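By letter and in written order, the chains are A, B, C, D and E; residue numbering begins at 1 in each of them.
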Amino acid sequence: NVRLRLATTTSTQDSGLLPILNPPFEKLTGITVDVIAVGSGKAIKLGENGDVDVVLVHDRKAEDKFVSQGYGVNRRDVMHNDFVVVGPSEDPARVAASTSAADAFARIAAAGAGFVSRGDASGTNTKELDLWAAAQVKPKGAWYKEAGQGMGEVLVMSNDLKAYTLADRGTWIAMKDKLPGLRILSEGDAALFNPYGVIAVNPQKHPEVNYMAALQYVAWVTSVQGQKIIREYTMGGQQLFTPDAVK
Amino acid sequence: MGRAFELLVSGDREVWFITWTSLRFSMSSALIACIPGIPLGVLIALRRFRGRRVLLAVLTSLMALPTVVVGLIVYSLISRAGPLGSFGILFTPRAVILGQAILALPIVVSMTASGLSSLDPLFPEVLTTLGASKREVLWMSVRQSRGAVLSASLASFGRVIGEVGVAMMLGGNIRWYTRTITTAIALETSKGEFELGLALGMVLLVMALGVNAALHWMVRHE
Amino acid sequence: MSSPSAPRLFEIRGLRARFDGRTVLSVDSLAIKEGEVTVMVGENGSGKTTLLRLLNGLITPAEGSVKFRGKPVPGEGLVAVRNESVLVHQSPLLFRGTVGLNVAYGPRIRGMRRAEAAARASAALRRVGLPGFERRRASALSGGEEQRVSLARALALTPRVLLLDEPTSNVDEQSRREIETIIREVSASGTTVIMSTHNMELAYRLCGRLLRLDAGVPAEVEENILKGRIERIDEQFAYFRTGDALLRCPARQGDFVVAVLPCDELILSRQPLDSSARNQLNGIVTELRPAGSLLTTVIDCGIPLKALITREAAAEIGVAPGAACVVTFKASAVRLH
Amino acid sequence: MGRAFELLVSGDREVWFITWTSLRFSMSSALIACIPGIPLGVLIALRRFRGRRVLLAVLTSLMALPTVVVGLIVYSLISRAGPLGSFGILFTPRAVILGQAILALPIVVSMTASGLSSLDPLFPEVLTTLGASKREVLWMSVRQSRGAVLSASLASFGRVIGEVGVAMMLGGNIRWYTRTITTAIALETSKGEFELGLALGMVLLVMALGVNAALHWMVRHE
Amino acid sequence: MSSPSAPRLFEIRGLRARFDGRTVLSVDSLAIKEGEVTVMVGENGSGKTTLLRLLNGLITPAEGSVKFRGKPVPGEGLVAVRNESVLVHQSPLLFRGTVGLNVAYGPRIRGMRRAEAAARASAALRRVGLPGFERRRASALSGGEEQRVSLARALALTPRVLLLDEPTSNVDEQSRREIETIIREVSASGTTVIMSTHNMELAYRLCGRLLRLDAGVPAEVEENILKGRIERIDEQFAYFRTGDALLRCPARQGDFVVAVLPCDELILSRQPLDSSARNQLNGIVTELRPAGSLLTTVIDCGIPLKALITREAAAEIGVAPGAACVVTFKASAVRLH
């Protein structure tokens, strides 16, 4: 019984995609996939240490560094979804009227309305910081709460604190029923694009890794069948991810 | 270790802040738990009443309750949607201290009770005949078993300073506000910053050692 | 027997104490007068400790009642018992900390100021022969020292009722004499003392009243316990003065205060006997009561003497209340303590 | 509560599985910790040696170490990059059990030691003069203080069954493999499924109660 | 004094024991022979318990050495001490569980099978007067019952050396006599007994040798302890036979086995005195040694008698080793136990 260790971000797991995507692979190859769902940073770290065979994450800068330092090989684009700016339904900063993501952020800062940041150097957090830069705002002050937690927790906090936040669409869709006080206020800006990549761990750095299985997995998620499963995966009638490997 | 000292010595203001926050939260919550917990434990140890054993078993079992569950329970009370939501204490230091005190209480009570159960059964009788009231018997029992009571307090302090579930759930790990050493460790770990996590762990350990040593010293020189 | 206006200090009625379903103490009726020294003796497990704990209201009887100054204990009388009496337990149980702290505890708890309590403690320690022990650790004492500290802890309270459970068991000879003196002194100052002991010498010397427990039941004491003192001593006899009588006893030196005369060593007769027995007293029978198959006869010879005789002998000699008779016993039957 | 029973009774196979996994891990790790921990605690309680107090203070302080730090330390050893990486036990049940045993050890040792310190100091002497070897003194001390030793074992069991850091870090929360009740609770909570988290918490509490009751009963009827 | 081939059972040299920096025991030289009954007496805190614990190898001396059968304890001799001796502690410390379990513990730990150990335990309990106590909870005993169980626990081991620390302190009179009998019996069967007690009667009756500790230092015993028995008794005297001598004692009834004669009650003279003192023995001085400002004289009168006299008196009477002299003492100076 071959086991393949996949380190991935919580969003792929929590959105319910992997439990759909992996079983056909397991049936096809006889390989058991052990999903270790952690933050992007930790997933990449596990890859660097050779503790997993393959990683599936969304943090392009970190991924490139991972590959360039020789820890990962065969990076492939898998899919993307996008980020949305969510906030209290009352929308005190009038974000709904914004023209772009950066404008939305500028409005939040200007109104001094509450904003909960992931603050955990995750892909989402990196994106958020980029947007603040684009809005030419230094996020600081009582209104800006760096929570240092996962997406789900931050959404819950925003709901309770009646604050804005940046969320990935997958988690938002999965959780929006539990967040009665929040709604999407800004979406669709190209700046909110969120790509996922799959990377096999370099067997030259870590000979013990199950490279063959990793390659098989990379092949599977980028295969026509795999991409079809990703495209057809919906939640609440909404498609969560857009496949990128096979157009 | 090196990293930890570097962090502290280099005067990283944030590390000092979260260390102080951790200490503040856990001291407060342990203290709050001890105030009703120690007398309760003494009563359970000295009185023989119906359901005493069951109560003890429940208390010991409560020690197994994951911190995040305690967090959840308190959350469901103090969240906007909860019965105490109007106080708006969620994601504030008070919420953490409250949750941690609830977490600490069964530890204080059950360890105090089990520590005192080794007192000579004649001890309360001797005090009584010398004219001690029930309250004085209680107080003297605590003093007599102060090692056990100290252990109970320190264990509860250790439990809360080392826990992450309640602090995370109720405090929200908000930077410069409710971020403690443990929530910071969780954050750094999730970022893959394992070394920083370990270094912070060492800071916490040193702090716990300091508190332990200080309290032991105090009790010894009382 | 007692005047209704002055209730006895302790009154016991139908008392039963049980442990694990076993009745270990069963006292139908017992009264203890104020100011008296009552000494309890009896085999191991005969219930002495249990009775003392009951008197102090520390345990609750299974049946019956203990009354202190007319009020039930535990119950209405408990506050009074707590205020006026202290029990010194059989095994000394000292608290951690210094000896001084132990002895000062009682006064402190009753609201005395620290300095005053410490002074009391020092006085009590001096009294039990442990001056300067205030600063010693209570856990670093020898067995006898522990026991004396535990006595001092009670004495520091100057209680009106002192309950002592074998206070001299681990104590050296000299200290035993000192404790005897202490008990005499506190008793002389009006304190009621109820104690248990296995030291018969101590029991005889101290007792105003001797209470023998037999498997939890108070039993008749089959000895005459005669308080008095040696009047003179010659090579042959010591002459012991008790009340109006002068007893010839074996010539022994010592500070004897009590002569014990077993009831079955007394010979009754109508006329003086011509025997080698060196004590002969004339008296009048005042009481006759059955004691198993025998009869207990009380004869007033200036002092009351109890004698055990068979029913046949009683009939033969014509022992009956009011009858005159002669009591004869050997010098060697008298035990001096 | 209702939800928890519904889950269990409805025969949700996954809930049964993670419950069983939790129980298996924590029983194993508590047991593994007790084997050296109880004798060690007894030794610390009975012997007077240099540094004894310091050792006790360190042990009590170790109880404060966050579970995630213990996880990190063990991780750094058994990670492929670590010295024991070649065994490849990371993200397997063994890793969790190892980590939890390490977590439990200071609890067992220090609670056993503090429980036994209330034994009469003459007790070992009495045993010795009756001919007991050092080992027999140790064993009899444990039996004599079996309440305290039981408390120590149960506390360590409670600690590991309720902890999430080690199980998450070393087990990886892999479904059908290393997912325990606590990691499942963490997962559900992070998804905002608070009720499910609470329900799982109740399952855990009931299980802990069962183990407590069973052990108390056994010790009482020994 | 001892033959070099047969080492004494215990040999003590330069022994010092300290607690908290205080020297509580200081024995320069002491040997204990096999088979002997040594009784230690002395004030509370004089170091009896400490000495017993040292002999049993339970504590380590601050200075000097204890040797058991020639080997140091603690050290090489420890195994032998453990195998052959048992100490019964002053305060009985029973384990949880039943009395039977307590008493059977020693035999069990030494590898005896369960049934056999239980039988031994029952026998030992019967011996201390507690038959049928096997199933009682050890925590539910009276003080004296506890103490007797703790003795039984040692007896169950049939040790070659029995160390007893105040074994009768909480025990009733009857049981005290039984324990005396037990000690006589085990001693008769070759067991060495070393015990401490505050009961002088017991000490005198049992001792082969009496050891008095005075603030941790062995002190001279200033009494003649004469083993023997009452030969006859008349109205005036009891006649106590000890060795070749017959002593006139106060006429008391009882089962006396020892006559105690304080050294300072003996009067020495060259010629028989014409006095009322009823005991006169002829003897020869065998030894003279200083005792403070006085002299201890040992006179062989068929039995060796020690007398304390002033130096002047010694010079006047001409007391010197080898000189004949007459020893005179009053009947009432003899204390029978």
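The rule is short, and it goes like this: a residue touches a chain if its C-beta (ideal position, glycine included) is under 8 Å from a C-beta of that chain, and two chains touch if they have at least 3 such contacts.
In this text, all values refer to a predicted model and were calculated from it rather than measured experimentally.
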| item | value |
| --- | --- |
| Length of the shortest touching-chain route, subunit A through to subunit C | 2 |
| Leading chain pair when contacts are tallied as C-beta pairs | B-D |
| Between subunit D and subunit B, distance of the C-alpha-averaged centres to the nearest whole Å | 18 |
| Whole-Å gap separating subunit C and subunit E, where each centre is the average of the chain's CA atoms | 30 |
| Centre distance in Å when subunit C and subunit D are each reduced to the mean of their C-alpha atoms | 58 |
| Touching two or more other chains - residues of subunit C | 91 |
| Sites on subunit D at which at least two other chains make contact | 189, 194 |
| Contacts with 2+ other chains: residues of subunit A | 48, 150, 153 |
| In contact (per the touch rule at the top): chain pairs | A-B, A-D, B-C, B-D, C-E, D-E |
| Residues of subunit B defined as touching subunit D within the complex | 53, 57-58, 60-69, 72-73, 75-76, 110-111, 114-115, 117-119, 145, 147-148, 151, 154-155, 157-159, 161-165, 169, 181-182, 185-186, 189, 194, 197-198, 200-201, 204-205, 208-209, 212-213, 216 |
| Complex contact set, residues of subunit C against subunit E | 19-20, 42-46, 49, 90-91, 137, 140-145, 148, 165-166, 169-176, 198, 200, 233, 235-236, 238, 250-253, 276-278, 330-333, 335 |
| Contacting residues of subunit A [partner subunit B, same complex] | 38-39, 41-46, 48, 119-122, 145-150, 153, 157, 160-161, 181 |
| Touching residues (chain side subunit D, partner subunit E) in the complex | 120, 122-123, 125-126, 128-133, 136, 140, 143-144 |
| Touching residues on subunit A, where the partner in the complex is subunit D | 5, 10, 14, 19, 34-37, 48-52, 150, 152-153, 155-156, 174-175, 178-179, 206, 208-209 |
